[in-house]
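Heads up, the next two complexes both have subunit A, just with different partners, subunit B and then subunit C.
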Partner chain A sequence: MEIPKKPVPIVNDWARPFWDAAKEQRLVIQKCKDCEKHIFYPRIACPHCSSDNVEWVDASGKGTVYSYTVVESNSPSAFLKDIPYVVAVVRLEEGVQMLSNVVGCEPGEVRCDMPVEVTFEKLDDEFTLPKFKPATR
Partner chain B sequence: MPKVAVIGVGQSAFVRAYPGSIRELAFEAYREAMHDAGIKAEQIDASVVCSAPEYDKQRTPAGLMAEYLGLNPQPTFYVESVCSSSSSGLRTAYALIASGLHDVVMVLGFQKMSEISSAESQERMGRGADIQWEAPFGTMMPAYYALHARGHFEKYGTTEEDLALIRLKSSTYGLINEKAVFRKELSLEKILEPKFIATPLKVFDCCANADGSSCLILASEEKAKDLCRKPVWIKGLGMATAPINMAGRDSFSGLKCAQLAAKRAYDMAGITPQDVDVAEVHDCFTIAEMMAYEDLGFAEPGQGPQLIRSKETYKEGKIPVNVDGGLLSKGHPIGATGGSQIRTIVLQLRGDAGPMQVPEAKIGLVHNIGGVGIYGNVSVFGTE
Partner chain C sequence: MSSLRGKVAIVGIGEVPTGRFPERAAIYHAIESARLAIKDAGISKDDIDFVMPTAALFSPQFNTELVTCRIIEEMGLKNARTNCQVFAGGSSGSCFLKLGGSLIQSGLAKYVLCVHADRLGSGVSLQGGIDLFSTAGISAEWEVPFGQHYSTIAALTTTRYQYETGCTDEHMAAVCVSNRKWAELNPNAIFRKPLTIEEVMASKMLSTPLRAKHSNMLFDGGSAFILTSAERARDITDKPVYLLGEGSRVTHFVFSQEPDITRFGWADAGRQAFEEAGLTPKDMDLAEIYDSYPIYQIIAMEELGFCERGKAGELHLKGETWPGGPLPTTTNGGMLSQGHTGAGGGIAILVETARQLMGKAGQRQVQGARFAVETCTGGTYMDAQVAVLGTEIP
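Up next is the complex of A and B:
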């Protein structure tokens, strides 16, 4: 069976700054200039106060693992060669959460509340994905 | 609020691969429900057709079903909330009748998951979560529920053995349900074999895909009393939603949509969790049933494991849950699942559940979740 390509991010004008930054190995998130809350995932307007006065800011890239799982079988077929891999929800210092992968360690070493920091993995010539690795002290 | 009753229920056998098309598959449940209600096609004023469209080759299936089942020229339309589609269909049909627009409404749920290959089905199932911000990281349904299992383990000390006990119960009842797809006896050792899908969930923590259909006939109070000897009344309907994206979840030890839907259903019915005599919950994964115990108030948060360890959710316990085998053993044909759960509860309340019968059941509950806690439907039924 032909292995399908991994799904690529869906990019539009509101999502593009996130993916452009990732390609430069920077993690950016939105912040509302009116209610001052951080926003993830990127939106056309602030989901808290509906203001469209939102800006892009650099995230620290540091956070902790909130929950995780190690995928060991039955993954989407494009990811079969990556098994075992870690899918995790990471809580960033800025207070927002994102779903990503934890890499750079054995999958069995991942724990809840583990400190992690952003790292970048090239998906193809067009896209780089922000992932997380155990934090270096 | 006007009273609305379920006056007929039907379900096809849930099977791995149904040999016919969605037409014949739907007809199996339809025929049983119509026979059960003792009515003819011309007595149905409108129909609500439910499935998850990503598995269907046929577009706009409501029109097809109305024609095939002989329901033209009455109104029909399609309702979807993935795995809870037919509970959303129940809610819609209730509103159609309570509003006075129609007197007798059919809710038809179906899914032929074998319509497409297993691999393709897996890919399409994933599209029921956030495709823009999560799919690039290799997400899939078991992984999403595994995140919640990890959350429950972490917060409450729940173990893989606790989840295995839920599957053990499920297999016990799957064996006595002649319409279940999985009818094998399972031992705790077999369930605990370390064949992981997404840790801590193993093969037997996950329900199987199945083909199947379900059909409910609903009627106004006047019609129900006229047509039906033992109507089962809809006492409470609760529905709630929660973020599709995991970025929006502040808890991984329960499902917010289920908690809120339960509160709304209990309030409408004027009952408490302790009043429920028998329940059907959405155990697409063992962890989902564990969370349901707590989200529905059958146990305090964190006390779900105690409930299954002490066998209180078995038929003889204080709150029997999924004594028809649940999704884990009966099977989970997405669009048909809610209707099948409702059928089980209706049979229980009528005293027609055969070997699965819970004695003296007067109030029953159905908990049916769409996606990974995107849509929560909780429905309460009663004999009065």
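Up next is the complex of A and C:
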């Protein structure tokens, strides 16, 4: 079977700064200037207080694995070559959650609540994906 | 609190066997299920004034036919006034109850035909099904690019739940075994051979700790039911299945945004439904739980209050949920054993709830069943939908 190309993010225009920053290997998230809560994924307005007074801030890139799984078979076609790969929900220090992959270690070494830090993987000329590796600290 | 308590009832049910029927057009499953439901209700097809199909996922062409009144024309429903699709993924069955019930309560409809048909078994390949469900209901910006799909979603929930509660792989397998015991007694189920914990635990690993036999499989199928007012129901049948309570809560769209992937909105939804019904989990003769993967049956039962957190696996392992046990659970075998038909999985479990309460469940009939709780959830478990139904209004 021919393996299709990896799906690229279908970008909402207000999230463009996130993807532009990722291309420069920076992880940015939004923060509400009114209620001061961090926001991920990017929104048109703050989902906590509805303010549209939101700004982009650098995230620490540090967090923990909330949950994870190692894909060993029956993945979507575009990911068959990546098996085994780790899908994880990561909780950033800023209190937001994101889905990503854990890389830079054996899949079997990943654990819940394991400290991780951001790393970047180029997907194509347009997109770089933020991924996570075991924390070095 | 809604005003539907004791005001609307299911009066007829229909269902075709789940399986792979490459020679059978999808419309067959819809029409045959609808015919069976009309016959079961003891009404004429021309009593139906509102047709509510849910969506079929295998073909946009077929789905458009459902939207544009094909069922009404094929069946010759002369007095049908409206055809309107109601679709909320796996929770479409709960939305049928709420929306169909509201139309009846308001006087806008007398007999609502709720119907589902899909061909995900013969109309889509195995890899095609995986690929379909690696985008359907999954965020194209924030999750699809990382290889998320329904096995990883169930696995992420299972991993964290096991980490927090100590629930084991054996407990997960016990859910599959329990549901299979019911399916052995269900002629419409696809998987009817006895299943053991060892077989589940030896099956192919998909996404750790989720194995092939923890996973639902996609098939062709259809089911239907008829809703009417409680008064009309009492005129035409001596076993109306009343809607007694309803509860629901939406907690996310993007799975990774869910603040607690080991609980979701079940506690809140369950509390609302039991409160409206004026009943408690202890009053339930049946727990008809949406089970696309074993972890979701476990979480829903605990959050609804059938046992303490971390203990539902044990209930299944000890056989309390089995035929003959004190808490008959998911008595059609669920999506794990009857088979997953898209939006139909959540409709089949509602049809089974009505079937049991009507006393029409054949070999798997739970004798004297009066009250049941039924759950559905859509997409990536984003909404918790709970209904309490019964043969009497307490």
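Keep this in mind: the second predicted complex is superposed on the first by the 136 of 137 C-alpha atoms of A that agree within 3 Å, B and C clash if a C-alpha of one lies under 4 Å from a C-alpha of the other, contacts with A are read in each partner's own complex, and residues count from 1 in each chain.
Operating definition for what follows: a residue touches a chain if its C-beta (ideal position, glycine included) is under 8 Å from a C-beta of that chain, and two chains touch if they have at least 3 such contacts.
Every value quoted in this text rests on a predicted model; they were computed, and no experiment measured them.
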Which of subunit B and subunit C A:Glu72 touches, first, second, both or neither: both
First (subunit B), second (subunit C), both or neither touched by A:Thr64: neither
Overlapping contact positions on subunit A, where the subunit C interface meets the subunit B interface: 1, 6-10, 15, 41, 66-79, 82, 85, 87-89, 97-101, 112, 123, 127, 129
Complex contact set, residues of subunit B against subunit A: 119, 122-123, 126, 130-140, 142-143, 146-151, 154, 195-201, 245-249, 252
Subunit A residues within the subunit C interface of the complex: 1, 6-12, 15, 41, 66-79, 82, 85, 87-89, 97-101, 112-113, 123, 127, 129
Sites on subunit A touched by subunit B in the complex: 1, 4, 6-10, 15, 40-41, 66-79, 82, 85, 87-89, 96-101, 112, 123, 127, 129, 131
Residues of subunit C defined as touching subunit A within the complex: 127, 130-131, 134-135, 139-149, 151-152, 155-157, 159-160, 163, 204-210, 212, 254-257, 259, 261
